[in-house]
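Both of the next two complexes hold chain A, though its partner changes from chain B to chain C.
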Partner chain A sequence: MEALAPTTRLEHGPNLRQRLAAKGFDAVTLLVVPAAIFSLLLFVYPFAFGFILSFEPKNGGWLANYQRFFSDSYLYDTIANTLWLSIPVTLLNLLLAVPISFRVRLMRRQRLLTTILVLPITLGTVLVAEGLLNYLGPQGWFNRTLMTFGLIDQPLRLVHNYWGVFASLLITGFPFTFLLTLSYVTGIDPALEQAAATLGASAWQRFLHIYLPLLMPGFAITFCLSFVQAFSVFPSAVLLGEPAGSTRVISIAAYQAAFEEYDYSMASAVAMIMGFVQLGIVVLVLASRGLFYRGPASGAKG
Partner chain B sequence: MTIALSQFNEVRLDRVSREFGALNALRDVSLTIQRREFIALLGPSGCGKSTTLNCIAGLLPVTGGAIWLDKNRIDTLRPEERGFGMVFQNYALFPHLNVRQNIGFGLKMRGVPKAEINRKVNEALSLVRLQGQENKLPGQLSGGQQQRVAIARAIVIEPPLVLMDEPLSNLDAKLRLEMRAEIRRIHNELGATTIYVTHDQDEALSLADRIVVLRDGVVRQVGTPKELYEAPAHLDVADFMGFRNKLKGTVVSVEGGRALLDVEGSRISGVARETLSVGSTAYAAIRPDDLVLGEAGGNALKVKVDTIEYRGREFVGTAHSEGGLDFVFRSHQPVDIGSTIHLRADDERVLVFAEPIKGRA
Partner chain C sequence: MIRDTTLGAKLWAVAVWSLVGFFILNLLAMIATVVTSSFATRWLGTWLPLGWTTRWYSSAWNEFQLWDILIVTFQVVGLVVVISGVLGVTAAYALARRDFAGKRLLVLLFLLPLLIPPITFGIPLATVLYQTGLAGTFWGVVVANLVPTVPFVILVMIPFIEQIDPKIEAAARVFGANTFKLFVHVLLPLLLPGILAALLLVLVRTIAMFELTFLVAGPTSQTLVVALYYAVFAAGVRAVQSIDAMAVVYMATTLVWLIIALRFVNPTQIVTRAKQQPAH
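So, the complex of A and B:
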């Protein structure tokens, strides 16, 4: 081919455009610009702004906000409070999503059931919180039913405490966890399970030796995404929990710093701490994926 | 050789049926497989051959009939209780386990001691000639190697029956021929009993001791490769066995196992393979090899040549008659495209079949 090309071309070599195209940059690459601007303006800039702002406290040295946060138990306890809510909720959601996904995978009317299960996403946290206040409250159906049947004498305290927020997070978080889990479960070639069955593996052995190892990386991602959602809990912690006590989550601390103390610098510091805690957990979970097989989950090259 | 397959006398399918909703995927399939036999289930896609295999393996429940292993009824057992080795079309190797773990999986599930697993896996590895690959993941193997792992994994559990579902269809032509010979070698070395599903009649003819031709969920013919090749019982079996020319005509006379057909005004005589009545529609089936250039007259038809291909030792041509019948023929000399020729067949080589009943036979 080169021998046929014009000699001028040979002398100069490929021009800049051709060299860029060879590296994957061409006019199409420009299409990334709107998205880049979008994320720059709405994510990178506010993040950088908040990061810098957190080091410019109202008074004291540049680390004063962080020093204050980690010396005041009313503030640093919010980390534990939030983790104590978000990690069990995320784990329980995942634990529920797995068997349900395994069942739904085999169903013919998968779409209908999926739609029903996904509906809570569209409701929004506030509606769910209001609903739960009525349903689980001392005069709600739940307690009244239990009392009618004589199972309890006093109404159970299910709202304005830890369990109210827990229930709300479970309901609003489940659809998301379920959808992700379902997609991972259905992504595994059913022939693998059949092969394991013909080789003598019982249903439990098939789950343990075939599905689980192949699903672990997917579960890790699902855990991270669901966890981040649960960690930033705010409306339900206020509406269904005890925002001054056990469900005083970190976002409440940030809110109070910003809109009750009007200390944006402190609020930014809290937000940064929140971000780093999330990041820490996510990195930890994703790093553990390395312990598992992460290639394609099908039986052959195809 | 310590891989010793479980001994039994026969596997018997007794009027096995399988319905998918309103559809009958299998209807009253009865078949007896003797120990050490190599049986091929042959048929076009959707004929029920894979369904039959899955029913035997236990991956699909039967909706009627029974499957027996000697005196034990097995169609009610779960697949893990049947212990048949199965080779899947896409191999279904466990992607997260290496070759050794894949092959040893069935033994591990049975709680076989580690040392024995190792010994048997080594033996299976040498049987399928994969020594040195045992620590690779399936994704690092070629298609042919994956195929060998799949076979080793199925036989190492010493199953009474080895089931293979189109195991060669994902391989390229050269490898397919190699693996075909390998599968037969392994079958012979182990003294295995194999049921092999394929849609490729060459594979079935070269591998099997007996071939079962299925169509629309019904067994159409069972026989040795020679029987099927030389004496197909129905038109669709003939079609599968390479009778590519099917000339529609009307029965003029039937006498002493011979039938005379009127095909577009010409007389074609052949061996009657089914009961024929005078005046009914019938088909004369002829292999391309048996259709040769000739003169007008008995057992000859006038056709116009459409294409002609050079195939080394001979030419293969297609042609059509005035009435619109299509022909495939072989010729030792080139023929001009568009020219009019006469094709004739020896009446011993023409098989005459009744018109197939529309829909389900």
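So, the complex of A and C:
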């Protein structure tokens, strides 16, 4: 039997196993299967399930959930509320992150700063919300300091409204945006800027004509990632905002549908709408990216 | 490096650094507020509390059953770290070493759970888990937390594996090592720094993962961060200082692991894959 095997193989050419291996499928490739099945079962399947479930409402036709969402101002206003929070915060974060990362890129020891900035991300939104409740409250250190310096007479109302959520999104969102921006800014070959400086370009000209066009794709991705984080704000909108009023964001509507009304069909519909709005903004931003330079900028050593 | 010495450039630098300083000052003051309040006897309308005490820690410990919550938290986190390590490293090895049809699609499949915020996919996921009866249980929390961590390990490990010379593996094969021996004696020692870094990042992220745990946890499967949320949500039922004491326990748990993690990884890696710094 063993002696026969080579001759039969010669007659029939490479067997199935060899042909698959030539295309990259062999025992090693199979190692990816458990993780792929896991992702399909727990990520793709729930999404597909939720999508179909959203068209099977408790009562009414197949579009009843979406009709209810877009006819009830208590529900459709959540989109505007969420956008009104997330877009200004994301723009402000990006606007602050750009000049700061341009400054930090020149630092030799960035580690201490990045460590401090990574604190609010690792502590998470719940702790930041709890801390800000005290810190920004009418008796907190923030208002107290402003009053001591005579900048205000009355404590500012900074919690349980729009500004509380805004502050929490700034504290957790800025480090995220900054660290992403920094990794893009440091990825650009400094020789490009040095060449421009040699030719007499001022700092502003170097930024406008060298860095900005090269960084635009990176900024677009940073904006998208920071935006989807801010758009899905949940714990701080409940704890620091007015969850029944100006900071009733879309994730609160989805949560209430699922865990207060126990209407999973409606909750899935809200989650799908949330996903589509995020996707819409991301596609819009990334489509405008095509208007800018795309190509190598990191240099051989970068 | 280009040095600007004009007045405008100096003013600009001062403005940027004061912005950074202002941000860090507020951040640290916010954390200090929580810590101060947790040791305060009575703190109303003054800069500092009237007196200091540690009794809020014992009352928080008893009221919130922190011991049980801490045990659940570490069990969840431990299982998530081990399972995502096993699933993630094996998949990353296949993706790093083989080129096959559909590989790009597969990488996209692993990228999506990291790009889409947890609350967006958490609600459909919770719905499915409630239908299978897994939600509300300990394993439901573990499974939900694995959804973003398995892809995270895969994407962190792929570049680590790619940098190992395949000739080393070929040599081990020539000397008759089977796949298991190859993995244990050759790959594992070489990959250990990478695996350690990836798993520590998973650990820090899982302790702080609120949304997914919140959506699927039952009364006995809450982790520390979810318990903290409920405590703040029901503020007024318990003393503020007691909640703050719990927040300090949570902070300590997270920060210990963050400090350990930072010995092995760059802080930037918690947000993004670190890039090499250019030489100045």
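One rule holds in what follows: the second predicted complex is superposed on the first by the 269 of 302 C-alpha atoms of A that agree within 3 Å, B and C clash if a C-alpha of one lies under 4 Å from a C-alpha of the other, contacts with A are read in each partner's own complex, and residues count from 1 in each chain.
The rule we apply is simple: a contact is a pair of C-beta atoms (placed from the backbone, for glycine too) under 8 Å apart; a residue touches a chain by one contact, two chains touch by 3 or more.
On a predicted model such as this, the values are computed, not experimentally measured, just so you know.
In the superposition on chain A, A:Asp189 makes contact with both chain B and chain C. Legend: residue contacts after superposition of the two complexes on their common chain; A:Ala201 is shown touching chain B, with no touch to chain C.
Between chain B and chain C, more residues of chain A are touched by C.
In the superposition on chain A, A:Phe47 makes contact with chain C only, not with chain B.
When the shared chain is aligned, chain B comes close enough to touch A:His209, but chain C does not. Common to the chain B and chain C interfaces on chain A are residues 189, 194, 197, 299, 301-302. Within the complex formed with chain C, the chain A residues making contact are 23-32, 34-36, 38-40, 42-47, 49-51, 53, 96, 99-100, 103, 106, 108, 110-111, 113-135, 139-142, 144, 171, 174-176, 179-180, 182-183, 186-187, 189-190, 193-194, 197, 203, 225, 228-229, 231-232, 234-235, 238-239, 251, 254-255, 258, 264, 267-268, 270-271, 274-275, 278, 299, 301-302. Of all residues in chain C, only 1-2, 4, 9, 12-13, 16-17, 19-20, 23-24, 26-31, 33-34, 37, 44-45, 47, 87-88, 90-91, 93-95, 97-101, 103, 106, 109-110, 112-113, 115-121, 123-128, 130, 143-144, 146-147, 150-151, 154, 179, 204, 208-211, 214-215, 225, 228-229, 232-233, 235, 240, 243-244, 247, 250-251, 254-255, 258, 262, 266-268, 270-280 touch chain A in the complex they form. If you check the complex, the residues on chain A that touch chain B are 189, 191-192, 194-202, 205, 209-210, 213-214, 292-293, 295-302. Residues 57-59, 78-80, 82-86, 88, 90-96, 105-106, 109-110, 137-139, 143, 146, 153-154, 157, 163, 170 of chain B are the ones touching chain A in the complex.
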